[in-house]
């Protein structure tokens, strides 16, 4: 069944010097009779953009929840740079450099857009408790940097004019963009995006792609789950296809687009609006 | 014409509000009577009433407010902890406090000689009542084993301890002592146990509502044991229970009973019934006598000066409606008479009015 | 010009300080001072609830528990261990901190509703303990006759044993604690706590150690409440189990909600209004509690978002933006 | 095709209590047609739909529904008249099972017809039948989207307003859903769609409008809008 | 061990548990489902008790007639009260936080009711005499008073009805739906306000029913409701917020636990054990005993 997945691992030239940044093996999670993730193997190379596609309900989001610690009922191994992060608390995993967005958008409704963006960085700016309380010079310095970066990012995603407004009053797509900006505020090792451009205007999708490419060039690794095939194919170095909780195929975008099984299981009728 | 200001601190809201309400009836009645006869020092008495919610900190606030308002003296507080909290306040300000209901022994310990000379207590302590109760119980000869049920407050604990001690002295065995939280509504469990413990009597130290629940459930569960301890039969619920025979064979020593057959008491009861449609309760009686004792002291002092009134209070000699004469001892504690009653069927008989000391 | 006077807010603050300091000299009423002193204590207590509820979003009925524990630990430190009142306050803070950490360990994973129940159960357990552990707490009678706080500095001696000095002591305590809380909450720490309240999952995904922050909020709030409780019992000169009364919880909650969850100055204003209000209503004797209830109901009807909401609404009218709620709601 | 207008607005201004968001929209939707609104994020597309559905206040302007003025009616009244709105993002009863969600949504359907209605939506979205006892909040994003469509389509509304029906759906399902919407339109339903999946949506629509900054900048037959080079470049991502 | 004693304790416990559950039913709808905190819940019971006590003499102490009249009266009053409550909660939009607003509002109502009733009826403990008198069933040596038996039966019937209502009727489903997602309710044409109003009215009637059946059991005074409040809230939360089966199970467990503690140890420790048990149970099942969690990601 998963011969391609298995042989794929064998065929690939081993890179002994650089183990994958994120390595997931035999990941499982079931809910009653539903085996949402059913022995998933996944590797994300450092510095890559890896796309992940698959039909609705095939277990993509569940897998992300397992990797990032939000789902406590998973089994299997999850390694970041060779070290296990399975069963760690989500905030520790985030601090370790694995950050994710949520498919069902989450922003802090009662905070301003700028604050929302700034919050993405506050656990990573190296300040300790006393700095903000005593408003030390170091704190002011960091605040200035955070603000500058937040403003720049908001500008890029088209929210520059909205920075003073409450995040709760944004439109759906704007919230999505805000969540994305927030997660990009710090410099995580790997960013996992769960449908970052669903509901985003096509023109903006191009700009997001540009932004991600730029950040990737600067060293950030991405794992992107998306149903926008064009976006995934254009951006990814490798694409992993999931089906029924496991890996159905993986390869370069070109390879995937030729794969019969993928066309049948996912894209539907071989075209799927490509 | 200026009035003589008397302050009242009473629990008018909160868990023991009914006590405060009845105390106010007695207080108001006494003040009306005195004013009708020309008041004290030729001036009417004016009451300033404040709600202390039976809460010590509110009690302090109230005491301060009353003192501020220029009262000559303060009556009440009713709850022991409220009295205890107000004591240092009145001492500092030099205002007499007359308390007729709070039972905590530490009030007496702290009052009078070597302590706080501004606090006076009229009611007998539960210890004295318990001794009288047990003595009478022993004299009946039929009760050898008793169980104690008391609320877990200073009132309940103090009463239970006093009763146990008195029982021991008389060779009556205490088979069990149960404390329950104030406001407990269900006693079926305790009653189940007591019903099987062989106790011939159950001594109660409970707030009226809890006692009524207890007695009603005891009756329904068919637990056969006479009731004793600190009981009274006033108030609608208890009157009904009494009428239904739920208190049959009960014996109690209590600071007051409306059945006491003195002219003064009969008149007092009649007045209250006329005014409120309800017979007098202990708190009304206490409120009434608090006012009279205080008014007499002001009259004797000849001036509404607080220190003079305090001095006059120490020399109190007041003829209580129960028949005794109230005087204060070194600790400013009066030893009023108390009442032993028993119930046969639904009929309350005052067996004895005895002096406490 | 001193910096405090440069902004209108600073000026207001200065005015307030002058008023607070001058008040005892302007009025000779011990009763009024007593009410004001109470207002100081309850404002601090309410502010401690604001830390954990208004900011971190955990409705804790344990605050009154800590307040009571503070009272008892303070009293026992003085009566049993022979410490000074200040030792009592420190001990109160320390014990409360330990208790807060312990209770946090069990309760912080709970849903918000479950947390409420646990915090109530915790307080009621403490009350039971105060009531029933008679050997230590003296049971329902409480521990009366607590000494007044005093300062002994070599030959210098000062006792806070009259209304005015006690008022100043309470004022100093309130100013210090409120300033500390204000400093912490107005900084990024306050924002972090509010993140927990708004969306804990999102906060965790951004790396916020939510458990640690909740413990921080619980501990901070507990220490403040306990120290206030300790000072309060020396002010009253008695501690007894009614210090755990729901009355205090209700008062705190009402202050925090009327002030506006997570607000600072409006909450302080609410603290004063709501402590003074029942006293003002005393003129009407038995029905005063009914008036009080009616005032609460009217409060909800006319200021549904508390004092803070009132201010915010006024500010909004002058600027645009900000989110307005959707019409109607269940 | 019938050319009578089902919805006709003039000078419609909609907002959330603050400044107006949609300013002076004039929209005409003919019976049995499908109209798609496109535009950048935050343009006011959802706000316009909410205004039509009665969920956001119309500050000014008129909304005619089958010729009757409905600008002042409530969302529930409009629902009763047959205007049904599916909001953007998640909108179901998360703590109830899929079955209960479908059942409750069928409250307006006569008891005798419920079984048929159920069979109909299972035919549209078979996956729901497999997940019948799962709590809606636990479904995957795409499954929830399908559930919401199913809840609403059960009742065969006269006039359907959908905000981003393809959100979170796999390419296969996207094609499927637009196909189904087209089918419903062909069966006589009037449909107004807001979409970011512009190409797929315009392919099945009769008419289209481009909304920018709260104002309609272009309006016309779908192919015409899709073909306008300026619009394509600026808002359709080409 | 003495089986009669144990049997009596268990029976007492079950009955107490059922009564706790009955007191909690109104809250299950208000708090468990609609998330409206009702601090005046105990006062609603209290007022119902006074009303029942006032009605009883009019019907010669016949409990059932008075009960029927009370339910009719309560329904009328509840509809009005529900309308008023929801209207008050709707002031200022939902920005004020429905939870906080309801807390403050019902606290105010509670204060007004306690003190108002005290003004009208004094705070004397009241006892109503009913046709049950002090009668009891005797099962061998085990006794069950008529009043307790009645309360138990009413409790069981109420739970059954509520269970059926919430899970099997469209109105019950609509209620849960509206509380979960107002916007989705509008999407499918449910009127959230009307549904909520009906639910609050029903919950108030349930509270009145609970108050009425307590009349033959406990003596009451204006503050009686406050002592009943905590355990009712605990039952609702630990049972899993709106889960009727859970609430019943927790109530029964609590009743039996308390009864056993009271029977074999000191009754003072009943509450202590109950509180510790609550904390322990919640520490193990953070969402409550019978609530399922929804995925976060």
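Structural remarks
For reference, chains read A, B, C, D and E in written order, and residue numbers begin at 1 within each chain.
Here is the rule we use: a contact is a pair of C-beta atoms (placed from the backbone, for glycine too) under 8 Å apart; a residue touches a chain by one contact, two chains touch by 3 or more.
No experiment lies behind these values; they were computed from the predicted model shown.
Farthest chain from chain E, judged by C-alpha centroids: A.
Across D-E and B-C, the chain pair carrying more C-beta contacts is B-C. Centre-to-centre, using mean CA coordinates, chain C is 50 Å away from chain D. Separating the centre of chain A from that of chain B, both taken as means of CA atoms, is a distance of 74 Å.
For this pair, chain A with chain D, the centres built from the Cα atoms lie 29 Å apart. Look at where the CA atoms of chain A average out and do the same for chain E: the two points lie 48 Å apart.
Residue numbers of chain D whose C-beta contacts span two or more other chains: 16, 55, 138. Each of residues 114-115, 268, 271, 295-297 in chain E touches at least two other chains.
Chain C has residues 132, 201, 286, 289, 321-327 in contact with two or more other chains.
Within the complex formed with chain B, the chain E residues making contact are 2, 5, 8-9, 12-13, 15-16, 114-115, 118, 122-127, 129, 133-136, 143, 145, 147-148, 217-224, 227-228, 258-259, 262-263, 266-268, 270-271. Only residues 106-107, 109-111, 113-114, 116-118, 120-122, 124-125, 128, 132, 201, 246, 250, 253-254, 257-258, 261, 286-287, 289-290, 292-297, 299-306, 309, 324-330 of chain C touch chain E when the two sit together in their complex.
For chain B in complex with chain C, the residues that touch the partner chain are 12-13, 49-51, 53-57, 60-61, 64-65, 67-69, 80-81, 84-85, 87-88, 92-93, 104, 106, 110, 152-155, 157, 179. Within the complex formed with chain E, the chain B residues making contact are 13-15, 17-18, 21, 152, 178-181, 183-186, 188-190, 192-193, 196, 208-209, 212-213, 216-217, 219-222, 235-237, 240-241, 244, 246, 278.
Interface of chain E with chain D (complex): residues 170, 173-174, 176-177, 180-181, 183-184, 186-191, 292, 294-295.
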